[in-house]
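Each structure below is given as structure tokens.
Here come two complexes built around chain A, the first alongside chain B, the second alongside chain C.
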Partner chain A sequence: MKDENRNNDSLRNDSLNDDSLKDKSLINESLIGGTSLWSSGWSRFRRNRAGMAGAVIVLCLYMIALLAPVISPCDPVQHGDLPAMRHNPPSVAHPLGTDKFGRDVMSRVFYGSRISLTVSLLAVVIAVVIGALVGAVAGYSGGIVDAVIMRTVDALMAIPRIFLLLTCIALFSRSILLIIVLLGATSWMGTARLVRGQILSLRNKDFIIAAESLGAGSRRIIFRHLLPNTMTVMIISATLRIGGIILIEAALSFLGLGVPPPTASWGQMVFEGRDVLLGAWWISTFPGIAIIATVIGYNLLGEGLKESFDPVQFS
Partner chain B sequence: MVGYFIRRFLQSLLLIWIVLTITFFLMHLAPGDPMARYDHPDISPETVRMMREQLGLDRPVLEQYFRWAGSFVTGDFGTSLRYNRPVGELLKVAIPNTLRLTVASLFLYMVIGIMLGMVSAARRYSVFDRMTTVISLFLYSVPSFWLALMLILFFSLKLGVLPSSHIQSLDVSGLSGLQLFADRISHLILPAFVLGVASAAGLARYMRGSMIDVLKEDYIRTARAKGLPEGRVLMKHAFRNAAIPIVTIMGLSLPFLLGGAVIVEKIFSWPGMGGLMVDAIYTRDYPVVLAINFVVAVMVILGNLLADTGYALLDPRIRSGRRGR
Partner chain C sequence: MENLLEVKGLRTEFMTEEGPACAVDNVSFVIGKGETVGLVGESGCGKSVTALSIMRLISDPPGRITAGSVLLDGRDLLALSPKEMRGVRGNDISIVFQEPLSSLNPVFTCGEQIREAISLHQGLGRKDSRAKAVEMLRLVRIPDPEKRYSDYPHQMSGGMRQRVMIAMALSCQPRLLIADEPSTALDVSVQAQIMELLLDLREEMEMSVLLITHDLSVVAQMVERVMVMYAGVIVEDASVSDLFSRPEHPYTEGLMASIPRLDVDVERLDVIPGRVPDPLRMPAGCRFSDRCPKRIDRCLLEEPPMFDTGGGHLARCWLSAPTP
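The block that comes next holds the complex of A and B.
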């Protein structure tokens, strides 16, 4: 293991020290790494402006979430002096105004990012892993296995997800962990369908037939040949889903079923501003903009990744 | 082909049944009591006990299940615990309202989504394409409840040009047929826009991508080389192929629209299934919840079947491929 690492390192150093090869370091790296698809995709991604913008937005949001205690001007749950502090419009002291308890909206928006980012990221990982596995197995197996799996997926998709979520939230006591698991467990079906569709179109291609005739088992074919070729679909799907999950989490909070108050969450803040829209528009407006920024960031990132790592589109 | 779809439909019904059964037991095992709202000093415990008996809520869960299932198959969805009226009656009012909203949004969704996507793909990298991409991205990323509030703030509260809630004005007695129609349309605009246009943005993005992929194909180059007008190449050669994934996405968007209707109906006080469902869940009105889920599930399954039929009609290769394996 150690030897291998050293070997790799020395190869890399050689290539970097060699002046004649320095200009072509891109080609070099892909040759040495043995993962040309990924490293060339990565270099394409770095030139993709929209994708990089998305990456920057997402990174900034994570920084805000991480540094919320440092950069927030006020305590997000501390009530201000009432009634003087109630519904104060944006000012220097409170750049995004205050809400009905005199709390600083900006600090609450900063802290709210923690909920959205954590919940959506973990939920989408759960969703894509389940979806890809189910879709791949269904698409590759065909026949009765496919039929049973896909009818189950149909039935699950036919039940309105918001209802499933509401029932389960009512059934168990509300917690962040529950919401993450529920969102993940109710978000994989779309990915499964898309991956299956992709696999159906791939399974009769020559390279799969070649792999089969070489005696590769179905597990190997699924994991080595089929799933890597559905990467694009999985990335698009994960991106669209992470945005969707953020939106659903916000909607749940808006309905009063997300994380319990007084913890700041964006959806709940939009709801709190609902009754005072005309007089205190800032309470609903700014958390909404934060949600949009997050979802846009993820969408741009995903699109950029798609364009960069899609070998077909750029061949 | 027909047999295949009938078989699929029946399988789907069976699975819906299983899911509904699970939901039934989940709801009954969940903490919370539909009679809890009668917990009031003016109502004697004796009355509550009698009501419980009358509604069959004092029976074991299993017995309740069989009674519910028995009446369900005969089309009797039971009695709402909250309104004390047959669920069928409530649905008779709610379903057309939800359908009106959903059909209006589906129309906006398809027309806007497909057209924006096609024009963007045909005029790739033009100003129009870039603008559409930016606007789509924005609309796709907007939470519907927030968009709804902002539109209400602007169009209803500030400008006062569009109503912010309900299906029609409170007093419509003095209106002629045409005026009533206009009144209802004006009430439909904001909710249908919120529900349809956000999804249309997603469809436009897919459509654009799909068209761009198809436009790279050899047969498009051949069609162009033959000297066919560009409009014909786009409509006949490219669109039919690009529409294949779109058909699936449209089928997938149905539960999305119906689910979105839950929130949109809630915000706009639209008297449809969504609002009925949310209230039913808060008050644990089991029969209403189960019936609405059944109706919505059947709608979605039908939508999926239609999408699959469209898929097969548009691409005969898929149809024969399915039979082959």
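The block that comes next holds the complex of A and C.
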């Protein structure tokens, strides 16, 4: 379809026939449904069932996080009447049961989503920004600069992340900000590699040489011409990386090094229910399901985006 | 005529695994103010490398300019700092490339890209530079420029995209435009329009043009003077009428004989026998000697210098040597 348009266009456009031009561009837009490269990707994404399912899951989770105070039946940190309220099984008043302090598990799962989603989103933003910058500088500079940067990245990737995190948290105080920064600072290496690869393939494209021939400097080339062309790759990689970050955050909370209690977080809830798993299974199970749903949702979304926007199909 | 660009003894090498390959060797020429000069030769003879060397856009590594000077109005471009050179590119010298599809950034609108070229060199605000970009679109005869400003490259045809490229290149009124096979990738009918546009704009903007092509027929219509390049050296430099009426170099003769003609009925087209020499294994004497039908013994031993055969008609061939 695209080819056909192109041929027609080249014959007609250059005859400078105004009307035929207008017709053509109208047809063009209605067929591919928009005006940019993104639009064809979006229309493909809308037909991608797994991707759409992921998008719906992620959207629902954000809605829950946003509306937690409205939809939660109880206060997530307020202790219930003990011992009557301890380890109550799911009921009408407490649809997901209560924990050992008599707190409503459903409310805690809802509020816990705030921690998981905020931490993972901010951490992934930090990771992608660092990764994109490092990858772009390495890919554009080439030569010795590239070699040094990429070997450093390899070395950093070899450090076991969970131990690094545990050490840092043990050294400094436990705070949500520290966890976000640490997760971001330990998750950028994959993005850096990916972006570098993209930049390498873009660097010798004609439009980069053309931009240089107009007098654009290297900073401008990187930020205006190279990085925007890696945007789809960055978004896809960020989405796929979020699942992993959520899992690590949960693991840290499970180990008691996550967000300090009594703030509800899924990992910590799984940890708290661990001792009574056979008797009061609901305490660990529901936050566990929430973790799995979030990770699956993000991964489906990421895969869907990847299939719809894969740059291979464009170049 | 006053000289705008003066290239002296330019030599550009590329590092290969087998040692340096010289893509452009001892190339010297001048372009006068307002002059249109053609640079002709077959693929791989060093035309584009010459153009990129003038702009200092040879990627290093593997390429390197190892000798010579490029004087623009007496200022040696090869001696400028990278920052000074950026001020020259797009402002004093611009280049239009062969492939209009891949020479535009796919994620920005055509208008934005022209605007960027303008804002790089002229301290114009967003609104003014946008107006100027629309003006440039109008100048390159794009209909409905206000609307086409926000079109992405993939929404335009090849001919339109090349017009956008020309608009970008000309947006800062450069004094020299290098057109590197500007019409090769386009349909024949569009080719003629792009060439015509370039000719018109050259006159409107009073700039010099270096037109690089492998098509002698394009040269005949477009330029005043032609340089013929072979295996990294310029072998002949003459005005168009001189070149077509009395080609001096056997390579030029061979090129002309291989142009299909409507008025002569032939079974087969003439071709030049043999192949372009490997840049790593250049013949000791004249570079064309192994393919030359008029070869004499001297050709194999000594590389000929440029001989002036009268009226500024230069040829790098021993047969053109003045008889003592």
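We take it that the second predicted complex is superposed on the first by the 236 of 315 C-alpha atoms of A that agree within 3 Å, B and C clash if a C-alpha of one lies under 4 Å from a C-alpha of the other, contacts with A are read in each partner's own complex, and residues count from 1 in each chain.
Definition applied: a residue touches a chain if its C-beta (ideal position, glycine included) is under 8 Å from a C-beta of that chain, and two chains touch if they have at least 3 such contacts.
Every value quoted in this text rests on a predicted model; they were computed, and no experiment measured them.
Participant: Which partner does A:Ala155 reach: the first (chain B), the second (chain C), both, or neither?
Facilitator: After superposing on A, A:Ala155 lies in contact with chain B but is clear of chain C.
Participant: For A:Arg193 in the superposed arrangement: first (chain B), second (chain C), both or neither?
Facilitator: In the superposition, A:Arg193 contacts chain B only.
Participant: In the superposed arrangement, which partner chain does A:Trp281 touch: chain B (first), chain C (second), both, or neither?
Facilitator: In the superposition, A:Trp281 touches chain B alone.
Participant: Which partner does A:Asn229 reach: the first (chain B), the second (chain C), both, or neither?
Facilitator: A:Asn229 sits against chain C, while chain B stays out of touch.
Participant: Looking at the overlay, what does A:Ile296 touch: chain B (first), chain C (second), both, or neither?
Facilitator: A:Ile296: touches chain B, not chain C.
Participant: One more residue to check, A:Gly143. First (chain B), second (chain C), both or neither?
Facilitator: both
Participant: For A:Gln78, is the partner it touches chain B (first), chain C (second), both, or none of the two (neither)?
Facilitator: Neither chain B nor chain C is touched by A:Gln78.
Participant: With both structures fitted on chain A, tell me whether chain B or chain C touches more of chain A's residues.
Facilitator: Touching more of chain A: B.
Participant: State which residues of chain A lie in both footprints, the one left by chain B and the one left by chain C.
Facilitator: Touching chain B in the first complex and chain C in the second, residues 143, 204 of chain A appear in both lists.
Participant: Under the definition above, what is the set of chain C residues touching chain A in their complex?
Facilitator: 55, 57, 59, 61, 83, 86-91, 94-95, 97, 99, 102-108, 116-117, 120-121, 141, 143-144, 150-152, 154-160, 165, 168-169, 186-187, 189-190, 193
Participant: For the complex, give me every residue of chain A touching chain C.
Facilitator: Listed in rising order, the residues of chain A that touch chain C are 2, 6, 9-11, 13-14, 16, 18, 21-22, 25, 28, 35-37, 143, 204-207, 209-217, 220, 224-225, 228-229, 231, 314.
Participant: Please name which positions on chain A make contact with chain B in the complex.
Facilitator: Chain A reaches chain B through residues 142-143, 147, 151-152, 154-163, 166-168, 170-171, 190, 193, 197, 200, 204, 240, 243, 247, 250-251, 254-255, 267, 270-271, 273-274, 277-278, 281, 284-285, 288, 291-292, 295-296, 299-300, 313.
Participant: Touching chain A in the complex: which residues of chain B?
Facilitator: Residues 8, 11-12, 15-16, 18-19, 23, 26-27, 29-32, 137-138, 140-146, 149-150, 152-153, 157-158, 202, 213, 245, 248, 252, 255, 258-259, 262-263, 266, 277-278, 281, 289, 293, 296-298, 300-301, 304, 321, 325.
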